[in-house]
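Beneath this line is the structure, given in structure tokens, with notes to follow.
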């Protein structure tokens, strides 16, 4: 018998999903036992916990790492290289792991994990408020200008109703959504210069600024924004599709919840960052590695995806799951709210991961400076410049 | 004693001397034995770690990497220029400067009211003490909701009287004060109980004497008897309150993560971030040393000021 | 009009009647000692007088002013507490100054920082300082003025407490066992000081004590309170020599008065051996139970001859006197006799002695404790005179 | 061999010599009272005896056993403390049982849960219970055995403390002011009980008090300690009537002895008015300073006639006696006289009186306090006899 | 002092106290109300304390099943109990020696105690973490308990209390034949219950609620203490199930509140007697 210790982040999203998957896995593999380590609240805390535990007996055998933190993990030599395991396995594609999908969890071509849950940012809106504000909920805004105009109208409803909640807190993901949507990048090609303060970045940050100035977006903390939205006090929210299931539950039948694709500054070439995480094998124990590999494939495989997608709102990361009637089947037809994320899948590119030891700090710097724009204590330009110079300092000197 | 040890031959000649020192030695040996566990544990869990922190403060030790180098005062120099750390120092100071005095005086006032009141003493005592006994991690969620800018009860009530409530935890201008309110809420009960105990210990005769002496108003009696007699309690309460305020961590960790834009970054949170999140133990140790130094200086200053005024019977 | 007058003061705590209608008048400058066993209500009465406690009924007047409804702070009454109740954080000088500061300075003048800016404050403070010093000089504690109570001995603290009470020239002066915290020698000395101080101040004083020696030696009149009632209020000698109640006789006098229960004989007399007293028929019936009292110093002891036979149980030598405890052979009552060393020489436990008493020294008390009128007789007179 | 013997005990605290070489022997069954003013070292001596404090030098023997090096727990010495020091959480019975439990049960037998399983424990406990009950019966507290100290009166607590000390039949019995927490009446009563108990137990006892009446009335011998030295150890009457040191005379006797400084006259005499004493030339030179002492009860007062003129300063009425404080017109010394109420009748402050004393009642003390041999003379004898 | 009548001053006093109590209890009122609400009923635009549907049972059931509440409570009780027992067992003999025995180190120890009072676990957490890591003791009850086995605050508190205990009592015990350990066990401890209770409340409240240290040394749910458990339970993103969270909070808060209610009289008494008031 083998016992695998599994660690994962964001129990709010994944607790139920993990329980279901591990139960099923243990039924199918009676000789392997799954036990969970304490989950971490965020991807960042997750990776920090693992980094602290490396080399100690506390280190779990498997963990789920945010896609943007795989690079950091790899730089410290934490994950087991899955290349050899894949080579042994031979029929990955048949199990639904296309090359495209495998790529999501590669760092410099090295397979460090298997993507488990993938997401992109979408627009949630309160159809009732949109209607009250004179909009048509069936044709949600397609550009940021339209969003801002609609937001201003919603704000004008008064009665404590807020217009927009743009989820800029926590990490740089939503900023990336604006930046990539404008065709920008974080650093230049060879990662020697900061690039997010270029024209694309300026456009991105200006959107944030205008959301506040023109559409009256308030300064929400993360939970405050969520709560206000599900309470029916916010017109439009932008955040990960992964939060969909929870949002549906929290809204109940208080109002008519809808979703739509997120506007892009560059509607033609704009891209979106891929959120989510990948399962990573940590154990160096050969015997355990086999069991771990089995579990990793199971979780990231079609069965896993068929649990993750309906249970959270993530988009399918496994082609088999997406297409085979055995798994998701007619799920999307029956659940139109889930379609927004699905439709955006072609635009998904990797969530950019900064090089070096200070990755977490870098993203924190971007968040801090975005907050200055949100609370209007800095202009977009100032915020970008400050962020750029700070990030430059934090990047590894080459 | 020292001389006797130095000249054992003399000690032998006078039986009386050895009798005395043997009894005294026996007592001292017993005392050592009884104190030994405490001394050992203090050494291992307080003294040694403090020295370790001081030492680590001069290294570049990082968790996850083995080995480290001594870097002299580099960490301290870096601290000097660290915007986050300066912000964090200032925030901690502001927080403590609000929470400690308010929670002390509020507790004192409430304690006197409860003491003067016959009924419901144990109800009030419990009601005010409850926050002390409850999980901040959990209560933070409630506070987050209470403070919610648009759907929160506090702003809803303010709206009833026509006041546009602030964005309590969301705005960098108010976040620290909001945390201070929670801090006060959590500390008052503790101080209150201490003050209640202090009040019961004041001899009733002193109040009688004050009345006979012509202290007509409650304020006069407070100035003449209550306040001076509570001196030692106040000293203790102040010490505990200041230390606790400087140690604020849980609310920041659970409610704001230091944000927005470091507006609620406080010392312990910064140390935690550096040490356990960014894993820079050496740098975090240097911060810890500064933190300890601040505590010690604060206490010395406070004792100096209060010692002159506090009366111990 | 008396200087201080209490009329029918009643007080109960939670249903227990503690004071059962106490009335008392003091002349100007009179020193009244209030004695009684512990718990009889002395402190309660004093606290009512001071306004620290409110009576359930009754009135208090000082001079021609009715104090009953005034607050303590508004009465011009000073009090010295058993615990002294000095403010531990203030120096002796500050302690003594408190009542003056409270009365002479306005609220504004007392403010910590602003006070000195108020008009007249400087002058008033200078006056207070002078008065405090004068008081301290007269109590011989001017060298202690800068000390705090914690740094003073019991006797010194007591004087500071006296100073604080006297400095404001009160209309009435109250003291609640001010000497009970002092040791025996200091206590005797302090008695003299308080009497002296009282004479100079000339203020009516009520002095509570449970030490009867203190009461007898210091007071103009002694009020004996027992169980919430004033049983007798009279000059010390009267209290001692002419007690109106058995409890008064019992409480006053050291060693305690000898008390013997007896039935009134058919001839209407009671007595001890040959010393007999006649009682009035109006007061008491033949055969009813009465109590005879005789003070130890009036019991005479002889080795042989007349008197009631008794066995010595214990002899206590006290230097200038000897106390003999013996048991009467007939009745089994214990009798205490107080003798000079010469008289008591050679007495020891187990010896047989004879006790006698002068009939004019016998007190007779009725069953309810009241003193009965009696005529002293010697045995031979009885048949002729008594019960006539 | 004496039952208890202290040899040359010395003790200092932080450089202050508290005991300056104290030696003391007690016969089997003797009751010794140790008196002295507060702070003279009485408790310290007792604590050294008990082994609670170690002496700097000196030896302690009980019977023929040298205790000096033994720990308190190993000495068979019992002590009753001023505060009684009863265990507040234990009942009276448990309190009394403690010393027996500690001595008769092994460590294993005392264990909370395992104890009862040990062989012999049951029997030992039954014995202890019986002994405790016997003790309680003899102290008349058997009805209190289940109460805790908090539920008992002062007198009852004191008896429990006595019971705890006596139950183990100690070789020496020590008491440190056991009565000082009781009120006056109870104190007189308790004195008798302790003496009685001591007589029955027959254990040498050292009894510390600062109340001289207690010492005189209870002890076989009284040890007067002043400033860390034993000044006199003798029977009570000897201490009172024949003090060997001025401090002893001063400390014993209530009211205090009258002391008057005088220079030895050219004829080698000193005296008070006509009552004069001759001194031996060997003891003291003409013109040197001595102190005359006369007890208040031996001062006689007359309104006119012979004797030294004096002004009455204060008259204290104490029921059975009257104390008169007066100031000698010539020397300005204060003199205290103790009179019967009859003798004192009519005296009041400011009256002029004449004081006289019997020469044989005069004590003469040298400057260093030693008592001087003296011969009593009356004025007319002086020329002929003195300084011969 | 406390008359039976309702004077205006008294009414004002009661009003102030009651209002204050209401403010202090407000978070609990919301907590209880939320614990009874369905998920979609919690964040609404209307303020209502009364749940629309009665959801207490569901929420408590969920709280109980979604985190292993029994494990959390067990861990909390075990850790607090172990800490308390060690602290008391270590501090009492030490405080006794410092208060009642003569030995040269007493003075130095007093200084150590005063300094120790100033050093919170937060300051020593880093090296302690490194040390526990090195000896492989992370994620264990040892790691949760060991650093708190010494409580300088406890020593300080007991010291104050013992100083006020009469020397005579200890002398009597020595004369009765007790060893020093015997004195502690048979005389000191039975009479120190008020102080022990007061200390117990301080200690249990602090450690039951402590998040900092468990967060650092525990990553395995089997050793999670209540606050840690709640932290995991709390939604990481998107308002998760607040009703269940509040129910869990109530479950975890209850033991402490009950303990305080039971012990409060002794607690106040204990503080009074330990001379914290001076």
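The letters A, B, C, D and E name the chains in turn, as written, and every chain counts its residues from 1.
As a working rule, a residue touches a chain if its C-beta (ideal position, glycine included) is under 8 Å from a C-beta of that chain, and two chains touch if they have at least 3 such contacts.
Everything numeric here is computed off the predicted structure, so don't read it as measured data.
Colleague: Touching both subunit D and subunit E, which chains are there?
Modeller: The common neighbours are B.
Colleague: Both subunit B and subunit D are touched by which chains?
Modeller: C, E
Colleague: If I rank B-C and A-E by number of C-beta contact pairs, which comes first?
Modeller: Counting C-beta pairs in contact, A-E comes out ahead.
Colleague: What is the distance in Å between the mean C-alpha positions of subunit A and subunit B?
Modeller: Taking the average C-alpha coordinate of subunit A and of subunit B, the gap between them is 40 Å.
Colleague: Distance-wise, how many Å sit between the C-alpha centres of subunit C and subunit E, to the nearest whole number?
Modeller: About 54 Å, centre to centre.
Colleague: So the centre of each chain is just the mean of its C-alpha atoms; given that, what is the distance between subunit A and subunit D in Å?
Modeller: Averaging C-alpha atoms per chain gives centres 92 Å apart.
Colleague: Would you please write down the residue numbers of subunit D that are in contact with two or more other chains?
Modeller: 71
Colleague: Name the residues of subunit B that each touch 2 or more other chains.
Modeller: 24, 63, 145, 151, 231, 276, 313
Colleague: Among the residues of subunit E, which are close enough to touch at least two other chains?
Modeller: Those would be 43-45, 231, 234.
Colleague: Kindly provide every pair of chains that touch.
Modeller: Every pair of chains in contact is listed here: A-B, A-E, B-C, B-D, B-E, C-D, D-E.
Colleague: Which of the residues in subunit B come into contact with subunit E in the complex?
Modeller: Residue list for subunit B touching subunit E: 24, 27-28, 30-32, 34-35, 37-39, 41-42, 45-50, 52-53, 56, 63, 110, 113-114, 116-120, 122-139, 141-143, 145-146, 151, 153, 156, 185, 188-189, 193-194, 196-198, 200-201, 230-233, 235-236, 239, 243, 247, 249-250, 253-254, 268, 271-272, 275-276, 281, 284-285, 288, 291-292, 295-296, 299, 310, 312-313.
Colleague: With touch defined as at the start, can you tell me which subunit B residues reach subunit D in the complex?
Modeller: Against subunit D, subunit B makes touches at 14-17, 19-20, 22-24, 26.
Colleague: Please name which positions on subunit B make contact with subunit A in the complex.
Modeller: Interface residues on subunit B, with respect to subunit A: 63-64, 144-145, 148-151, 159, 167, 169-172, 255-256, 259-262, 276-279.
Colleague: What residues of subunit E sit close enough to touch subunit A in their complex?
Modeller: 38-45, 66, 133, 136, 138-139, 218-221, 224, 228, 231-241
Colleague: Could you please specify the touching residues of subunit D with respect to subunit B in the complex?
Modeller: 54-59, 68-69, 71
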